[in-house]
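We call the chains A, B, C and D, going by the order they appear; numbering starts again at 1 in every chain.
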Amino acid sequence: MTASQPGQPVLSVRDLKVSTMGRRPAEILKGISFDIAPGETLCLVGESGSGKSVTSLVTMDLLPRGELQVTGGTAALNGEDIVSASPARTKALRGAEMAMIFQEPMTALNPVLTIGLQMDEIYRAHTKMRGPDRRSAALAAFDSVSLPDPARIYDSYPHQLSGGQRQRVMIAMALALKPKLLIADEPTTALDVTTQKQILQLIRKLQEEQNTAVLFITHDMGVVVDIADRVCVMRHGEVVETGTTGEVLSQPREQYTRDLLAAVPSLTPRRARAQERHEHVLELLEVEKVFEFRSFLSKLLRRPGHRVRAVKDVSFRLDRGRTLGIVGESGSGKSTVARCVLRLEDPTSGAILVNGHDIAPLEGQTALAPARRAVQMIFQDPNRSLNPRLTAGDSLIEGALNAGEPRAEALARAGELLEVVGLPRDALTRYPHQFSGGQRQRIAIARALMMSPDVIVADEAVSALDVSVQAQVLDLLAEVQARRNLAILFITHDLRVAAQICDDVMVMQRGEVVEFGPAGQVLSDPQHDYTRALLEAAPGRDWDFAKGRRITEPA
Amino acid sequence: MTFHPLKSLGLAALLAGTIALPAWAETTLTAVMQAPLRSLDPHLSTAQIVRTHGFMVFETLLGMDADYQPQPQMADYVVSDDMLTYTLTLREGLMWHDGTPVTAEDCVASLMRWSQSDGSAKTMMQYVDSIEATSERELVIHMKSPFGPLLELLAKPSPIPAFMMPKRLADTPVGEQIPEIIGSGPFKFVADDYRPGDQAVYVKNEDYVPREEPASWTAGAKVVNVDRVVWQAMPDMQTSINAIQSGDVDLIEQVTIDLLPLLAMNDEVETGILNPLGAQVTGRFNHRLPPFDDPEVRKAAMYALDQETLMQTAIGNSEYYQLCPSIYGCEVPLASDVGAEYLEGSADERMAKAQELLAASGYDGTPVLMMQPTDLTVLTTQPIVAAERMREAGFTVEVASMDWSTLQSRKNGWQPVAEGGWNYFFTYWGVAGIWNPLVHSLINGSGDDNSWAGWPVNARMEELRADYLTAGTLDEQKQIAEEIQQIAWDDSFYFNAGEFKSVAAWRTELQDIQSGPITLFWGVHK
Amino acid sequence: MSQTQSLRKRLIETPPHWTTMLALAVLLAIVAMALFAPRIANFPPTELNAMMRLKPADGTYWMGTDSFGRDLYSRVIHGARVSLLVGAGVALGAILIGLPLGLLAGWFRGLDAVLMRAMDGLMAIPGILLAIAIVALTKAGLTTVIIAIMLPEIPQVVRLVRARVLATRSETFVEAAVLLGTSPMRIIWRHLLPSTIAPLIVQGTYVYASAILTEAALSFLGVGIGTETPTWGNIMAEGRLYFALNPWLVYWPAIVLSLCILSINLLGDALRDRLDPKMKGRS
Amino acid sequence: MLSYFLRRLLMAIPVMFFVAVFVFLLLRLTPGDPAQAIAGDQASLAQLEAIRESLGLNEPLSVQFVTWIGQMLQGDFGRSLISDRPVLEMIGQRLGPTLALALVAMAMTLLIALPMGVLAAWRHGGMTDRLVMAVSVIGFSVPIFVIGYVLIGVFAVHLRWFPVQGYKALADGIGPFAHRIFLPGLALASIYIALISRMTRASMLEVLREDYVRTARAKGLPEGLVLFRHALRNAAIPILTVVGTGFAMMISGVVVTETVFNIPGLGRLVVDAVLARDYPLIQAIILLTAGTYVLINLAIDLSYALTDPRIRYQ
């Protein structure tokens, strides 16, 4: 990685303070300072709420009106203070001198305007170029981010592009006028690892070509390893620690930084757990799921709609006390498998044996009830999986009451379970919004345990959480699994997580199982190209966070 | 861009809208009539507006002059001495609007159709032996026995005048509406410009040959001095008044009296009474249902009601109403003071009497269902006032508000109140519709289901009504009429709530406006 | 965050805007007016005096008299009663009927198709025409008017509730409930119904307001409640004949009516902003 | 897209049928007698009976309904009981004014309400916003006929800028047309302005929070572009929807406005028809308005496609 050049910094933030407006203002940024030199990449790392995104918005002068305001400090772009500059001036700078890429490529582009027009606007706004020139410039820009068939892209609408392509478009737009400063706010978080890798490389490449200074915001230590020259660790609106990537990652000065690094799961699989006896609690036999979309017209004309085979004969066994991880990128069908197991989707064919009984053909709540009691699910987003209007207690005992258990007993059990998942008993009477994301996920786990199931299906159960919390929840899962000898079906896109908790790993791609075997084997010695590609793409794979040093030859 | 579908739709309709629009002629008289014209068959409807429409387009064999005398109009007449043969000879130059000449056949057919729908004409037919056309222009009516008011009936302007129409139209069965409006009158009806309930248009009938005699009511020369008459309906009086002040309209047939002050300030607008007959407001008892099946209770109610209060509230300005006991109208030949005793004394004295009578009658508190029309201004106030008075007298009264047409159909049923019956309601009659025992529907004492709502039963009344028809001289008629009036009061057939005159307003450009039993559009200049 | 808070909490979390307080005050005043009408009115609303017709305002007749010589002030006061009653009747009725329909339509897709077609039909008939027809054709009483105005409002409620249910049922906590073996009825009751309460309260206020307006419009067209029972609507309808003579016959009831509705709407907005920030600023 | 269109079209059929049945029953199961309206209140019962017979009102309901539907399907809406004129002709005569009124009101609404809404949303919480909200809430609160009378009182009677009443078709020249349609148009628009400006504001508020708006700003675009090109087009759909559902509200407004300004339109026709129990006329008008409502909303659904490619390309 190129060391940062000397000379005047492109962006120099000094003692920047931002606080919310309204009756009780709260400080979001408590006076942070940092510099970025030309051609240098500075990573703002931190967990949610650390204020890293706000920093970027201040620099772009895009703070939401009436909600946040700068209360002190300066942010100088090439020596010119953005904070005190006139709106007209900052508008002129935006897009020309400094540009930004946002996290969600899906929503960052205007759905009702063609890509071409949205690109064209930049040139119109900042240059005197004439129509044809603008168009060719745009096409060139698309080409430079290696988008296929720029002409087609130019005329298409965002929804016609894949996530990766959209992010490339965003980058093309951002770098169209060769800005001095590029701000990238979690630009790859919403993307699959393979795409993520390409995007990161792209940014790197362009930055070197144009000698752009990049302010890169991320929560993912792996990404930091891959892209950053210097790192700025943030927490609660303060900069905890700054330094070159090497320093910060190998000899972190602050405890917080150490914890962060420690929480990053390692890619090298944990030692396989001994298995005493084989007892299948869940077995899938050639399960298929076909989604058919038939338009009204084709129904009329008896034409077949277009069919999507989301899951192609998937079979596996899950034994008591074991954890099976299903890994894959979005659209690989891993979640569909999970939903079939719970009969939230009805499999098109195949058998689903829960404790030996096939539940695939069963119809209706009552018929499914016992099977569902045996198989419980933990959803991805703890904010949505708990009814905001019910107390934790009510949510917990709902299933028990359905099963006919008296309220008092159920509440008692719920209380105990809360303690099991590491929450105080009195949490029973509190509402979801009074808990943090991690705590909510704990409640969700407790709710599943209330049904004393044999299998727990965890669909991306930790991917919405910050790394430190993630670690804790994973530990909790492992603990309850051990204590209750549970089988866990763990759906994830994150190989690091899979490596740490799975006994067996099943890799899926476009609905098919491409590789299935013991975690150690699959992840350290992948047979299938796709699996290999996934591992290749895993950010920071050549850094050992636990030991704080570069891994010489990849695992 | 969003509204393309709407826009195109709109344009199309705008064009459509233009088709309906009249092209303005030289002199056009625009009038706001008291009610919108919704149906056109003058033989079918008793509504005043249809009648007025009838006199625009159609003519009657005889007209009636300001002295209530039948006069030749379409035809001159000879009556045989034995009063058994009437010979009518059509005058020269009568043409239907379709260009064909008026023949005696046409008139016979018309008379037959008319006699089936008009109440008094029905009675007449019982005396008629035959009506026949003896030549192109002569028709003869043979009577079984003498029938005094025959000429009067042929001439009467109300409720259904004996309008003449071509045979092909007159053959349309009663109940069906005539397919086109072809008469022989001074105006032609412009079917294309007719928008039911909104506008009706008439043009001068160039081929019309007026009589020689000076115009008087529906008799005499009908000389038309405007090229075009447009009747415009307006949803409320306020709008009409604004319109006449801004000159949008030339004439308002009937102005709400309370609003006259608005026009008084404006010297471009004149106001006055064009119809000297006026109209009588009548409160009708349902003689078949308790409590008003009991004459004593009815009498109590009669005293509770008070002409003055009713008129004050309805009309306000005393210049425009008249209080008299005559059930035929205050100024008609048959008018008399018989029954005045029922109106004596101040409102309070009468109330005292009413309370005492009601107490004596042993009224058991049966609630009185009083029907009130919400959409007919002239009649909205009376029920409210009456209800207040009756309550004061000791009645239990429930006012049921409904629109005029509901009221009209509801009045025809005599089932118990619970099942949609009624006890009392108000209506009003153009004096021409009640000015003698023959036409007066409210004094029918037969109790016949088909008689007009209320169904009083009184044998003596029936004898008198029969006698009246055969009575030869006016004195005889007067005498009978008075006795009838006495019974009508004594037996409380209905309460005569007084008589009001409708006030018209017109712009000063209009000269020589004719007065008549209905609003006349001949004679007037603009 | 308001999503995740109990109704009560959201209502009291912050002191309301002064306009809200004012609106509340006005509304309470009008309600009080309605309750104590007989006490504060100077005359019985129906007492007429033929000699005192259309008098301008003075010491005895604070707002003058109408064409019957009745005291306008007393009538306006009493008018509040019916108007508020109509509003309440319509709002409650529409919700009581619309809520269950909406819940069922939202959950049982089969029923949905049929029910919503009917609702579309009901919506397609312009409310006023329907109301005119119903009132004119049956008898012009309080209940008729309430029903007539309520009918066209029902589809709105059904749609609102249904939309809310559809939105909520896709939430994972509903799926979770299914996995916990909760019965459909119970899911509707425990998980879906509560999410509809907030928007319903808001919708209710708007229905309330528009109902009063419609009643006025009906009376204005001559198909409202009979003039024996004063309502702001029929007071104006009668006054309108004499508008040029004495515009106050229309203005007085109009002012009170507008104030009443204004405050209801303002309260509605305030409620909505608190209960349902998602539809902030919506009507 | 096409398939979607077809589905919506087929959906309209049961809807219209429901309306037909509903209206028919509503009319026939209630008191009132057209014969009376023809014959007038002094007519005798015999006379009424004759008329009823000839109108076929003595047939059993079921028969009447079937015949009616049958005729309707052949596009024959029957003749008015009262005036004995073809119903469609009568409606045709009155359609022009009503549509003119509606369209003018709509145009005024969009000209006033959209900018109002956008401005309010842009300056959210500011003085402008408060003002706009105030205007709209007042528009909701004052009965349309009061607005009408006030407008007449001020602009027609006192200032004499406009005529107090009446209607002139576009054929009589744009001048007179505009002169007479302005006040009624404004009166009718008032409530609609309130509605649309609110909806615009609300919808814009949501859109302005969207990422792509932030992107647009991040590109340093002039605020005008951001608001009208990027935001408003995305905010369009809810606005369009209200425009559609508001059509019903518009009709109610029309009825009242036509009465206040004496415009010979459908609104007054229908009130008269109801008061006179002119069954075929009432049925036809209600069915037609209902039909228009359905069509307009269908059209609007389709216009979503114009504003949103995601729908267009599905």
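What we mean here is this: a contact is a pair of C-beta atoms (placed from the backbone, for glycine too) under 8 Å apart; a residue touches a chain by one contact, two chains touch by 3 or more.
Predicted model only: the values in this text are computed from it and were never measured.
Annotation of chain A and chain C: jointly contacted by D, touch as defined at the top.
A count of C-beta contacts for the chain pairs B-D and B-C puts B-D on top.
With centres computed from Cα atoms alone, the innermost chain of the structure is D. Farthest chain from chain C, judged by C-alpha centroids: A.
Separating the CA-averaged centres of chain B and chain D is a span of 39 Å. Chain centres here are Cα means. That of chain B falls 44 Å from that of chain C. The mean-CA centres of chain A and chain D are about 49 angstrom from one another, to the nearest whole unit. If you average the Cα atoms of chain C and of chain D, the two centres end up 21 Å apart. Among the residues of chain D, those touching two or more other chains are numbered 31-32, 157, 259, 275, 277, 307. Across the assembly, chain B contributes 236, 242, 375, 403, 406 as residues in contact with two or more other chains. Residue positions 136-137, 139, 222-223, 240, 243-244 of chain C are each in touch with at least two other chains. Applying the touch definition to all chain combinations yields A-C, A-D, B-C, B-D, C-D.
Residues 2-4, 6-7, 124-125, 209-212, 214-222, 225, 229-230, 233-234, 307-310, 313 of chain D are the ones that touch chain A when the two sit in their complex. By the touch rule above, chain A contacts chain D in their complex via residues 60, 62, 64-66, 91-96, 99-100, 102, 104, 107-113, 121-122, 125-126, 157, 159-160, 170, 173, 295-298, 300. Here chain B touches chain C in the complex through residues 236-238, 241-242, 256, 258-259, 261-262, 308-309, 312-313, 316, 372, 374-375, 377, 380-381, 384-385, 387-388, 399-403, 406, going by the rule given at the top.
By the touch rule above, chain D contacts chain C in their complex via residues 11, 14-19, 22-23, 26-27, 30-32, 121, 133, 136-138, 140-146, 149, 153, 157, 194-195, 198-199, 201-202, 205, 242, 245, 248-249, 251-252, 255-256, 259, 270-271, 274-275, 277, 282, 285-286, 289-291, 293-294.
The touching residues of chain A, counted against chain C in their complex, run 23, 342, 344, 365, 368-369, 372-373, 376-377, 379-381, 383-390, 395, 398-399, 402-403, 431-433, 444, 447, 451.
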